[in-house]
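See the structures that follow.
Okay, so chain A shows up in both of these, paired with chain B first and chain C after.
Up next is the complex of A and B:
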């Protein structure tokens, strides 16, 4: 089972929830950081890194002596990564999405595959928890290509039936959708503030078409107002856990601790969350949890 | 025949210089001797998610101009324009196309050595 921990608004507690779930999971589990633009799951899981590799995307390289400036590549490219201007051909490798179309259409075979570095993939273990993360190269504009490489490695690592907890990027655009689209259950972490509610609604709208079991986790419960509760009730979305607004949690977080280890009460919240996630993932079960 | 292009919010010499290059509404191409004009619409670049500056540079280069007058140019567009041998005069926003051309004709436009806007 793959559980992705997502949110609309950033800073609502995705990593806090993902690290806690991975830590209290009662079976082989991997913590996966797919927030490749600003990975931080390692700050809480403190993994020992066993290996890493650089990930690359195919981009065009030119053999200009063969080029007749016919412009076929330039016309095909929707991202202007390759441009023919008169008797001049230019490439902008950072604009390339790696489709390989220019190479395929070039009648002179003047374009061959080169590489653009996307970032680094690393893996290891943190206590009993497996660890996998991507880190985007500074200056790289697109995160989904690196995320797909991380997910490909995840597929290999899950060959023995382990579960995975994915720490997704915030927002509702391509990176966030990419992080949750292959999971069995999506957790939406939010806070009961106006910004939290607004972005939660966007996330709910963005992820609902994926037709995955979804549940809400309300962090900093006690803050703000009841709009998030009303929204979840209206949409029939189960609230699987509420994490109290508590200074002790902030202090533990600031020290890089997993909050499920702070107190028995907090641990119980995540154990209950884990059990409800399992129920949600079971095929044929009603999507609404019993208490919803 | 010496022709230059000016980013413009409209098709005539009396329209305002569009401060943007890649996402300019269009380009007024001016023949410096006769002051005859031709308008190139840039709508196809405006709707691009990215690469608008490169696309606009292609359009301007195809028009066969020696110089471009505009407000701001980003690094990729600047690279493309330079490679195509087109000089760039920047920071001309707030003028009409005619005023920008007159300023250029009286040698009051400095030719840029680099882009004046960060890339996206």
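Up next is the complex of A and C:
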């Protein structure tokens, strides 16, 4: 089973929930950081890193002596990553999406696959919890290609039927959808503030077409107002857990604590959340993460 | 004309609440919400929309089952795993399609259409603090970076037309495509952070991004009293890198109280929080060369 922990608004507690669930999970489990722009899960799980590798994507390299400046490549490219102007050909590798179209269309075979560095993938163990994370190179604009490579490694690591808990990026556009689309259950973490509720509605709209079981986790319950409860009721979305608004919890988080370990009461919230996730996922029907 | 962008790396540190207050404090300006994915500034500014534009960006492949002869070349060539045989023939998964056109160009039966993608809307609105340029990307859509560029362009033109000397922008979390787009042409990036392991880690990443693009960088530490040790470490980091620390703001439920009323915190009765924020704004004006 793969559980994604997502949210529309940032800073609502995704990493807190993911780290807490991984810590109290009752079987082999892997914590996976797919918030590759700002990965934070390691700051709470403190894994021992066993290995890492750089991830790359395919971009064009030119053999200009073969080029006849026919312009077929720049005409095809939808991302302005290759451009022919008169007797000049230029590539802009940072714009490239790696579709391979220019390579396939070039009649002179003047373009071959090169590489752009996307970032780093690392893996290891944190106590009894497996760990896998992507970390985007600073300056790289596209996170989905790196996320696809992290997910491909996740597939290999889940060969023995372990569960995985994915810490997803914030937002509701392509990176967030890419992070959650291969999971079995999506948790939406929010806070009951106007910002939290508005972004939660966007997240619900973005993820509903994926047709996955979803549940809500309300963090900082008691803050703000009750609009989130009305929205969940209206949409028939189950609230699986509420974490109270409490300055002591905020301070424990600020010191890097996994909040499920702060008190028996908090642990009980996450144990109950775990059991409800298992119910939502209908055990016995495991799904494999598909390669994107 | 000056452009100031409020960013954070980590989500939920208070970017939008502070941008709203700065919009209240700043003189003649155009306000711009560049978090097109999960925009929240309008919840504080309660804009009246005066202009609405549809945002089209990129294309999406669509296979015509009547013409398709089932050769499967498209599925073989697609680098994104977006084309699959689904029993009834080949179909494009719109979530995975990147709009690269490779399948369209190479389909021997010319069975693949390539309509434009309707990705969202953008608006020019009036608010009690001045004009607001903002947008809503449809949940799950892509090309947020291009929409950010459209908004910036509109905001600049509007500022020029109105003789405003400032474009004040609320940014997105992370360090990826929309944030990179929002930095282009900015005179100053103000990062709002919090004294938590994630807050500091993500601040360092977003600072590196601004260094990469040579954007001037300054820091506000929000909720500084949650963890004084971490606040001190952020202070040391900023000192070592010569980043001005503009303010240390307390963790105060006042911010949420204002949000629930659709107000910014400087509209509530004067507090320590609002006084410190006022000083921060004076420092930002000085750093950005405003108000001379």
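Just a few scattered comments:
Throughout what follows, the second predicted complex is superposed on the first by the 282 of 292 C-alpha atoms of A that agree within 3 Å, B and C clash if a C-alpha of one lies under 4 Å from a C-alpha of the other, contacts with A are read in each partner's own complex, and residues count from 1 in each chain.
Quick note on the criterion: a contact is a pair of C-beta atoms (placed from the backbone, for glycine too) under 8 Å apart; a residue touches a chain by one contact, two chains touch by 3 or more.
Given the structure is predicted, the values throughout are model-derived calculations rather than measurements.
In the superposition on chain A, contact of A:83 is made with chain B only, not with chain C.
Once the two complexes are overlaid on the shared chain, A:213 sits clear of chain B and of chain C alike. Touch criterion not met for A:31: it reaches neither chain B nor chain C.
Number of chain A residues touched is higher for C, counting chain B against chain C.
Contacts of A:47 after superposition: neither chain B nor chain C is touched. Judged by the document's definition of touching, chain A residues 78-79 lie at the interface with chain B and also at the interface with chain C. By the touch rule above, chain A contacts chain C in their complex via residues 8-12, 15, 37-38, 40, 43-44, 58, 76, 78-79, 97-101, 104-105, 136, 138-143, 169-177, 181, 193-195, 198-199, 202-203, 205-207, 209-210, 223-225, 247, 250-251, 253-256, 290-292.
Contact residues of chain A toward chain B in the complex are 74, 78-81, 83-86, 88, 90, 92, 95. Partner chain A is touched in their complex by these residues of chain C: 8-13, 16, 37-38, 40, 43, 58-59, 77, 79-81, 95-96, 98-102, 105-106, 137, 139-142, 144-145, 172-177, 180, 194-198, 201-202, 205, 208-209, 212-213, 223, 226-227, 230, 251, 253, 256, 259-260, 262.
Across the complex, chain A is touched by residues 48-52, 54-55, 57-58, 61-62, 76, 79-80, 83-84 of chain B.
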